[in-house]
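Chain IDs A, B, C and D follow the sequence of writing; residue 1 opens each chain.
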Amino acid sequence: MSATMLETRGLTRRFGGLVAVNEVDFDVRENEIHAILGPNGAGKSTLINLLSGEFPPSEGEIRFQDRPIQGRKAQQIARMGIGRSHQKTNVFPRLTCLQNCQLAARIHLGGVLGSWRSRQRARAVDERALQALETCQLVYRAYTPAAAMSYGEQRQLQIAMVLATEPTLMLLDEPMAGMGREETAQVTELLKGLADTYTLVLIEHDMDSVFRLANRITVMVDGCVLETGPTAQIRASEKVRDVYLGRHQEEVHA
Amino acid sequence: MLHTYPKRVVVIMLVLTAIVAIFPLWGPAVFGAQSDFMMEKMTLMLILALFAMSLDLLVGIVGLVSLGHALFFGLGAYTLALASPAFSPAAIWWMAPLVMLVAALAALVVGFLVIRTRGIFFIMTTLAFGQMLYYFVSTSRHTGGTDGVFIMFRPSVEVGGAVLLDLDNPLTFFYVCLAMVVVGYLFLRWLTRSFFGQVLDGIHDNEHRMEALGYATGHYKLVAFVISGVMASLAGMLAAMQYGFANPSQLGWHTSGEVLMMLILGGMGTVFGPILGAFAYEILQHTFEHLTTHWPILMGITIILAVLILPRGIAGLIIDPPSRASLAKSSPLRWLKPGRAAPASEAVKPAAPAPREG
Amino acid sequence: MDLAFFSVQLLNGLQYGLLLFLIASGLTLIFGIMGIINLAHGAMYMIGAYLVYDLTFRLGSFWLAILAAIPVAIALGLIIERLFLDTLYKRDHLYQVLLTFGLILVLNEAQRIIWGGDVHSVPVPELFSGRIQLTDNLQYSHYRLFVMGVCLALAGVIYWVIRHTRLGIIIRAGAVNRDMVEGLGINVRTLFTLIFSVGVALTAFAGMIAAPLTSIAPGMGDSILITCFVVVVIGGIGSIKGAFWGAILIGMAETFGSVLIPSLASMVIYLIMAAVLLVKPRGLFA
Amino acid sequence: MKTTVKKTALASLIGAGLAIGGVVNASDDPVKLGLMLPYTGTYAALGEAITNGLELAIARHGDQLGGRSVEYVKLDSEANPSRAPQNMSRLVRGDNVDFVIGPVHSGVAMGMLRVAQQTGAITIIPNAGLGAATNELCMPNVFRTSFSMWQDSYPMGKVAYDRGHRRVVTITWDYAGGKEDIAGFEQAFTEEGGEILQQILVPFPSTEFQSYLAQIGSLRPDAVYTFFAGGGGVSFVRDYAASGLKDSIQLLGSGFLTDGNLAAIGEAGEGVLTTLHYAETLDTPQNRAFVEAYQAAYGDMPDTYAVQGYDTGMMLVQAMEAVGGDTSDQDRLITALSNIQLDSPRGPLAFSDSHHPIQNVYLREIRNGRHEVVGIAHENLEVPDEACNM
């Protein structure tokens, strides 16, 4: 079993009177794909937002590579190697596909002054950006403005941008949301390939993909962790089936 | 792609620059005895163009709407006025850096405070800081109060006693201002196309996402704020030099509003648009004032129409000339037809199927 | 500063603050629900005052003039919203700033064409022309007390509407998240028109009841506008409660600031605003 | 001015060539008067009154100046100082006017003076009262037909003392004009031996006076001296009366406090004492004739601003007559202007070496909604101009 990369202890986030994430203990191991499941409003996105520093936790601890990171700003956490994608498409529409990735790749050049650093390093950045596009099979779109690409391609571009930041841990919030069957399969393959080099945390509604991809799964309900374990264990869990899968089926058929 | 425009933009701008540059050749023939005055007016337009360009970096490129940009314009004017010796010209070699330094420091302090706010709050805080300095200058003993101060000598441009440029000569001053606009334009063009500019574009489109990527967006905005402030202060210094006069009204929010109008007329975020806007604004006002003493009403209507019909300004017309079809679809025409109340959506975001919430 | 003087200033600060609240409440509603930044708000205040000046002499009664002026103000709000603002909701604040700046120019000049450049005043209505004795040499006009009463009553009504009616729920929701209003299945267009007209009417009404207390002159709206912006920003955009306390705070600060630190009197409200934003970048009650 | 000279010279050359034998001089060209006054915004009423007075004076002399017809070029000064230099420059260099008349606003005057200094254009200031214009910044080509802040307030110092006031509070807006005005009063009042309890400066252009009135009440002075103008004047006088202070503390002020605003002030103004270089009720033949003519032409009572405009016009009429309508010799024109003595509606009017009016300042009391002249507060008052060297 590989080492723990990220773990939380007693992580809690309140919004006014509402507890969105309640005392969550959660851990991610190196090179695994860890999926988070749960019905709408279970606190999945809030959890991701806490991990990426979008807002600080009300209580609890987050350790990344054995360093506490709670309370740090999103941009600091991103530069430490936690890359994330958003549930809504979040690319820069006026920039080309390649420029989007360059933008992502350059965060390691340093702050404002870094924007005028040497050409050599800039070239390294460009290479990294291209590589990310290649991984996501978007090279042929390099010079297309993001606004002109299809929705599915934009979602893929978003993953490419996360890749370009050279993360050690990727947090992907519903990467396949709103995609067609074919595109979903394509992205599933892509993510599977990434698992060799990266560690992934994934929120996804598509059951098939989750079961195919994930090494481990955490199921959340009402802000709490219902159960955590290897995919097979979750698949077989009565508790999960009762509470989550059943409800999910109803939702789908409703 | 961003900040690359059709060839005709370059052609038009070069032609216009050339026409302005050779004004001494055609001015007297066209304006006769008024030629000297027209050159003076054109010098002023160039100065305002520099001012408007500096604001475009904030408003058009970064998307920070400032209603207090006159603060830096006035600061440039007052730094020149107060630092100039009473009975001899100051050397431009230390005056210009001083003006820039003062403006940079002020922009750093103000910027540090206002960058933390967003949207309407940013508009309001910049307005408040502008007004603060306005009242300070209006009431302080050392600044001549509401009457303002004279600057008796334009700075000298000398090297080792040899006069390089005689700024008192209107023609020389005209070309100095023209050169400043060209240099300012090239600088902003380079800036917007550099990686730094790309980050600013990113912040304009989606600051949140830039943070998630790992950018300390506040730093970038602050640097842009300082650059913009310094450019505006140079414009203010030139304006004070032109008429030898600095007054608190150069700092007031009405001046900030006027320069925003130049932006909308010219077209924001294009860098070259504001230059056209400054010229257009001054020409319009000059014309309206000649027409009627009720000219503000004409000016107001022009601005309202520009906002409603031509939100991308003159630059928008040049980059993307309207076709017959698009004219027919334009909101005022559509609005004339009754029963069609669909609000016009100006969203720039790509059309995408709405993703699920949750 | 003795107690009597202090109490008098407290009263002055309160009265000024309450009037500011009335002007600012419309501004904050329009800000909060519609996301519109309305620079022409001060011009509406001016128009309210001029309308009452005009109608008082035409109709011979201040009260009739107010009754007649309110529908005019509402109609003005309606026209501006439908004609100009309608296309701007989805656009950047910049366009709202510019359009309403243009409106200031038009409205100020229209005022001059209609009523000229002279300074006018409206006499204090007979009913409240009396005064109470505050100190041995200082009196306080009944009309000022009446204005305070009206402002407080209106504040109460607005508070009640916001707390206890369906419209209030929508307004509160809208101030937090505008998209949510659309999600509630409400006709946003009608709501916006309503809010804008009410906002304009509130401001114009403030100009109307303030008319007997002030001089009616061109440009009278411009200086009050910036003060109201400060009030709204300090209180938190969209918050009626914030506007109320912000207005009282600014009223007190201007009143006491001018006496205690005269050298900073003109800057005191901006200093307060900067201080508030430094601590709470979204205002006190956001 | 160079261009004008050239242009006129050229015009007369061409004229001479065309009209052989005929006596032709520059009189074929109209005299161009550039009016740089506020026609919009807060000061618009003042700009209109000055224009009316000026046009009335010239109209009464056959719409001619020195035998030449007159062309008015009106430019809105917007009361915006930052636009002042370019507007002035437009009149002088763009429209090539022979005289510039303006402005109302002191800040605008500063901007204009700068250009007047650079171009040498003959400028007549029909209102702006900043002291520097005829002192530190005086120029041969700049005249003033109005007043200086000091001139109108200085006489009140003695009046106040003579009336038995010893402890006075002064209050004005925190801007240059207000401070200059108050300084004149304070100078005279303390010279006499009076005491200034406190000088209150109100942020400009606030008209919210309640807290200051409370302050005045607690200071218990013998009198209050104030300078406010326009809407501020109306508000202050009304608020002062409404606060009851008027019953126990005499209100003194510069004439601008109430001038042109009597109707708006109403009853609250009764008993207020002010000093000014004019009152519409002055019982002199010149003034009666002026008031009559003004009312016939415009239907309104004239105010100080109208008289200032009128005197500006009269000054032009006389000076242009003296030079025979010839504007080409500027020095001669300036000499003619500085030697002018007017029998103005406001009384005898002459000009000091610094081109500032030497005039009577009247003490006026508001009775029954009119400025009644109580007496002459200071006869033929000349303004200090030690700093002027020309």
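Please note the rule applied: a residue touches a chain if its C-beta (ideal position, glycine included) is under 8 Å from a C-beta of that chain, and two chains touch if they have at least 3 such contacts.
Everything numeric in this text was worked out from a predicted model, so none of it was measured.
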| item | value |
| --- | --- |
| Centroid comparison with chain B (C-alpha atoms), farthest chain | A |
| Intercentroid distance (Cα basis), chain C paired with chain A, Å | 48 |
| Chain A-chain D separation of Cα centroids, rounded to whole Å | 74 |
| Chain C and chain D: spacing of chain centres that average the CA atoms, whole Å | 36 |
| Gap in Å, rounded to a whole number, between the CA centres of chain B and chain A | 42 |
| Sequence positions of chain B contacting 2 or more other chains | 135, 138-139, 294, 296 |
| Multi-partner residues of chain C (at least 2 other chains) | 108-109, 112, 266 |
| Overall pattern in which the protein chains touch one another (line/ring/star/complete/other) | other |
| Chain-chain contacts as defined at top | A-B, B-C, B-D, C-D |
| In the complex, chain B residues that touch chain C | 59, 63, 65, 67, 113, 116-117, 119-121, 123-125, 127-129, 131-132, 135-136, 138-139, 253, 257, 260-261, 264, 268, 294, 296-297, 299-304, 306-308, 311, 331, 341, 343-347 |
| Sites on chain D touched by chain C in the complex | 40-48, 174, 200-208, 210-215, 217-218, 220, 230-235, 238-239, 242-245, 247-249, 260-261, 263-266 |
| Residues of chain D touching chain B in the complex | 3, 6-7, 39-40, 74-76, 80-82, 84-86, 89-90, 92-96, 106-107, 109-111, 113-115, 118, 130, 132, 137, 174-177, 179, 201, 203-204 |
| List of chain B residues in touch with chain A within their complex | 1-2, 194-196, 198-199, 201-202, 205-206, 208-217, 219-220, 223, 348-350, 352-356, 358 |
| Touching residues on chain A, where the partner in the complex is chain B | 40-41, 45, 52, 54, 73-76, 78-79, 83-84, 86-96, 99, 102-104, 106-107, 111-112, 115-116, 122, 143, 145-149, 151, 154, 161, 165, 174, 177-178, 205 |
